[in-house]
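Listed after this line are the structures, all set down as structure tokens.
After this come two complexes, each holding subunit A, first together with subunit B and then together with subunit C.
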Partner chain A sequence: MTDSMKPLAITLTGCAKTFADGTKALEPLDLVIKSGETLVLLGPSGCGKTTTLRIIAGLEQPDAGGTVLFDGEDVTPLSIEKRNVGMVFQSYALFPNMSVAENIGYGLRLRKTPSAALRARVNEMLGMMRIEKLADRRIDQLSGGQRQRVALARALAVRPRALLLDEPLTALDAKLRDALRIEIDELLRRLGITAVYVTHDQAEAMALGDRIVVMEHGKVAQIGTPRDIYQRPATLFVADFIGTMNRVAGHVAGGAFVTSAGSIPWPEAPARATEAMFRPQDVSIADDGAAHLKGTITAAFFLGDRTRLAVDVGGDKPLILEAAARRDFSHGDPIGLRIDPHGLLSL
Partner chain B sequence: MTRDSYRLTTLLLPAGIFFAAFFLLPLAQLFHIGLTGKQGWGAYTAIVTDRNYFSSLVSTLGLAAATTAATLIISGIAGVFLQRNRFPGNGALVAMLTFPLAFPGVVIGFMVIMLAGRQGLIGDVSRWLTGDKIVFAYSMAGLFMGYVYFSIPRTILTVMAAAEKLDPKLEEAARSLGASTWRVVLDVIIPGLKPAFISAGAICFATAMGAFGTAFTLATRINVLPMVIYTEFTLEANIATAAALSFVLGAVTWVVLAVARTAAGSTVAAAG
Partner chain C sequence: MKRGAAFYAQLAFTLLVCAFLIAPVILSILAGVTVNYQSGIQSGFTLRWVFAVWDGYRDTIFLSIGISLACLAGTLILGVPAAYALAKRQNAFSRALEELLVMPVAVPGLATALALIVTYGGAGGFRTSWSFILVGHILFTLPFMVRSVLAVLSAIDLKTLEEGAASLGASFWQRFFHIVLPNCRGGILAGSLMVVTLSMGEFNMTWLLHTPLTKTLPVGLADAYASLRLEIGSAYTLVFFLMIVPLLVALQWLGQARQAKFVAEDE
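This part shows the complex of A and B:
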């Protein structure tokens, strides 16, 4: 991508992947990645995120019948070195025999960039990632966060058509992960480059993605904006995977959802709902008179700024909610709960 | 600290004694014997002043260098290939590679003769094809072939072990930046295998410098230093010269390896 050009749009149609040993990693997959968006592939381990990314990159060929289009042009037969996509790996994959600056300049050197232009671009990248001071360091003298900055700079130096990131923050510790995540987010927005970002961390996915593709067992479970996916999960799997979702069994009667632990007013309840779902933040603690559901506390975790409670209301899994930290809760205490009707969902 | 260093000394003592008894003492003794001849220090300077000795030193060095280079190139390619490609018989082939390691130099020499000697296979085939019988077993070329044959298996095994540890992501990263297969080999695979090349190359070089059995089997007139030492020692009973030449052979090998290692090390540092 040169700076003036429109970012790349990527289309996958019918991309399945069966590995040589017979493992079916991906069911036929259709995916449209819009020009300039950050698309996050999210899902548990082994669901096919990396495989999808590698098919986009050209490191893996889809099974016969699958095609990969870059701006409408069929690039399926092109191998990765012809596709001009930037890659960032969890393990950094920096060249240990080259300095930081040499790593960043490597792609430009392959393109026979004149040395003055090469040096200028490398310096620009060092500045962009705020690692000017590290230019002459060896790779083994860098911390994990610094290495990933170098890897980003190296991938972006050649102005790739798209940036593909495979769990770039997974190897970093929590604090650094947050800091670098914010930086990557800013970077992707500023550059406006099309990016595909693989992660199994739903918080990271929500923060970074313009859209999220939730994957399960080699299939797409849902595609949507972070808000869509969080507020209107299409399947139980998505509901459980993104944040915490509480579920109670019961039936609808007279504008309320009736359970064994009490009934929750729910004017818009679908008539056939047998299960009501709601997020922890839609639950509040109430006195006996005002409570919708009554249960007993089975666990209380003090988190500093709040307390996370598990409350048994007769289902197979306890409800999870959060309360102000000031109050003391103990195991076995009875508790009354109110549910905000706007937060109620069913599938 | 003194307590620790005391304990360390005590623990290292057996190794130290062993090292002194079986390495330093014999070496010193060898060096001393080199001086006992009537020419004194002359035994040591003869390696450069005596034209025969010097030419055999040069040809031994040349042979060892050529053997090392050929072995590394062949084993580098074969080792990476064998590690990356699984085909039927792959395991058996790799297991068979350890075979020549057990052969004494005499057997290697014998095999070279069977291949390139007067009744050898290469001679038969070349006579059938061109009418000329190619025979090179009894020369430097035969020795070179024997040494390469002997060194390849061990080097392939070293390369395979190192190739297994190469990070495939590095190659993928290079390719994503536009590197052709050849660039990947040059910029990722060879640098990654460099430590293995250095250690395997050092062993290969040292072996080729000092090997004797193969040369002895092929021809007594072959002009390599171990043969000269043998001749001086047994035929001429020139013990001081033999000892001095042995010491020089060891020292030269050591120096060459040290220089190669520093050069390789400094290119790593310079590149990195």
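This part shows the complex of A and C:
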């Protein structure tokens, strides 16, 4: 991206990847990344998300037949150094032989930027990431969070056409991860740059992504906004991977879903549903008379602001729900549950 | 702090070992500046032998320094890219190659020298030039350069560092000179010290490879001990020390100069 130009749009068509040892990392993939959006590639390890990012970057070549278009121009044969994309790595990849300022200015130095302009841009980047004081430090004198800020500054200093981030927060501890996630989110919105963000952390994906691509075994399981994916998961895998999803087996009869532990009113139930799914927040605790399902508590985890309960209603897995922290629960207590019909789903 | 008997026993042992190792050096140096070693140091000190060595063997000293520096240049040009290639491609072939490189160290120097003579001895100009010795020295010292650079390269995440540089627009050669080389500086320095010292002191192979016109310092030293007065041989050792110690100190200093600058910047 340069300041005056429209952010880059990226199109992948038929991009598959088979490694030299015959492992199929990615099935043929078609993907359109819109100008200026933040697209998150989400999935467990080995799902092909990093391979996809590396194909966009030019660090991997797709198998024959796959093409990568930048604003409609075919960049498939170009290696990464000719694509002008900024890249942020999980391990930061900062150069130990250079100071922080030298790291940030390296891309500009390669572009033969005049030294006054180079220094001005480096200072601007240091200011943007609020690391002015670290300019002369060596890389091994920085904390993990500082390193990731330097890596972001270095990637953005050259005004790349797109920013590619490969699990940038995974190596950091939980608190720092939350703080940096908010910073990255603000940064991406402010710059309006097209960004592709790889993560295995669904909370990170939901917070950062304009759209999320959930991947499984080298295939796309679902593409959609965080809301779409959370509220209308396309497959069981997506439902389980994004947040917590409860499932009970049963059948539909007379506007309700009948299970062995009771029946749940569900006016819009699909007639053939054999399984009802709902999120923990759509479950409330009810007195015996008002309860839809009855079960027994198998575990209670006090989390401070709330208590997370596991309730056995006769299925293979207990239901998970959250209750106010004030009440005390103990293992084996009987409990009645009400399910909000708007939260019910089936696949 | 109170120290037990064990501490003093260890100290005594250490000093004893040091004395055992250092005494011959001192005696040898003394012998080199003594008028007559047979009658002991009461015969007086002289620099006569040192000058005699300088007059008779000056050329072997310069030849040795020249060969060891040429050997260093050769191992840098061959060894650093070789180590880089081995670090980049970790497979059965590269590991086999790594082991093969060490062969000239495992095989007796005499055997390597014989093989060189049998194969290239007929090439007249080559056989009689100092570059014939240089080839032997490079064969022998190359693994030390490759190994020490490879050890450093394996310890850093070379692949990701290079990908990071490439994402900023660095071509292969820019990555090699801006990122790879500066980050294996320590290995290159350690390897260089090894190569220079080994080449300077190499005798086994050189003994067979040399001609009367291409005598190196250790070969000349052997000659001096075998055919001349003990005092001349000892003076030769002294000259050897005087030549090699400053060279090694200079190499070490060259390697640390930049590191020291870095530390100063942090204050």
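Everything below uses one rule, namely that the second predicted complex is superposed on the first by the 347 of 347 C-alpha atoms of A that agree within 3 Å, B and C clash if a C-alpha of one lies under 4 Å from a C-alpha of the other, contacts with A are read in each partner's own complex, and residues count from 1 in each chain.
Just so we're on the same page, a contact is a pair of C-beta atoms (placed from the backbone, for glycine too) under 8 Å apart; a residue touches a chain by one contact, two chains touch by 3 or more.
The shown structure was predicted, so the numbers you read here are calculated from the model rather than taken from an experiment.
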Query raised in the report: Taking the superposition as given, does A:A155 touch the first partner, subunit B, the second, subunit C, both, or neither?
Result: both
Query - Which superposed partner A:I139 touches (first subunit B, second subunit C, both, neither) - result: first
Requested in this report: Return first, second, both or neither, reflecting whether A:K17 touches subunit B, subunit C, both chains, or no partner chain.
Outcome: neither
**Report entry** Doubly contacted subunit A residues - partners subunit C and subunit B
**Finding:** 57, 59, 79-81, 84-87, 89, 91, 93-97, 99, 106-107, 110-111, 138, 154-155, 158
Report task. Enumerate the contact residues on subunit C facing subunit A in the complex. Result -> 156-157, 160-161, 163-171, 174, 178-179, 182-183, 185, 262, 265-266
Query raised in the report: What residues on subunit A touch subunit C, complex-wise?
Result: 57, 59, 79-82, 84-87, 89, 91, 93-97, 99, 106-107, 110-111, 136-138, 141, 154-155, 158, 164
Query - Partner subunit A, residues of subunit B touching it in the complex - result: 167, 169-170, 172-180, 183, 187-188, 191-192, 194, 268, 271-272
Query - Residue ranges of subunit A in contact with subunit B within the complex - result: 57, 59, 79-81, 84-87, 89, 91, 93-99, 102, 106-107, 110-111, 138-139, 151, 154-155, 158, 160
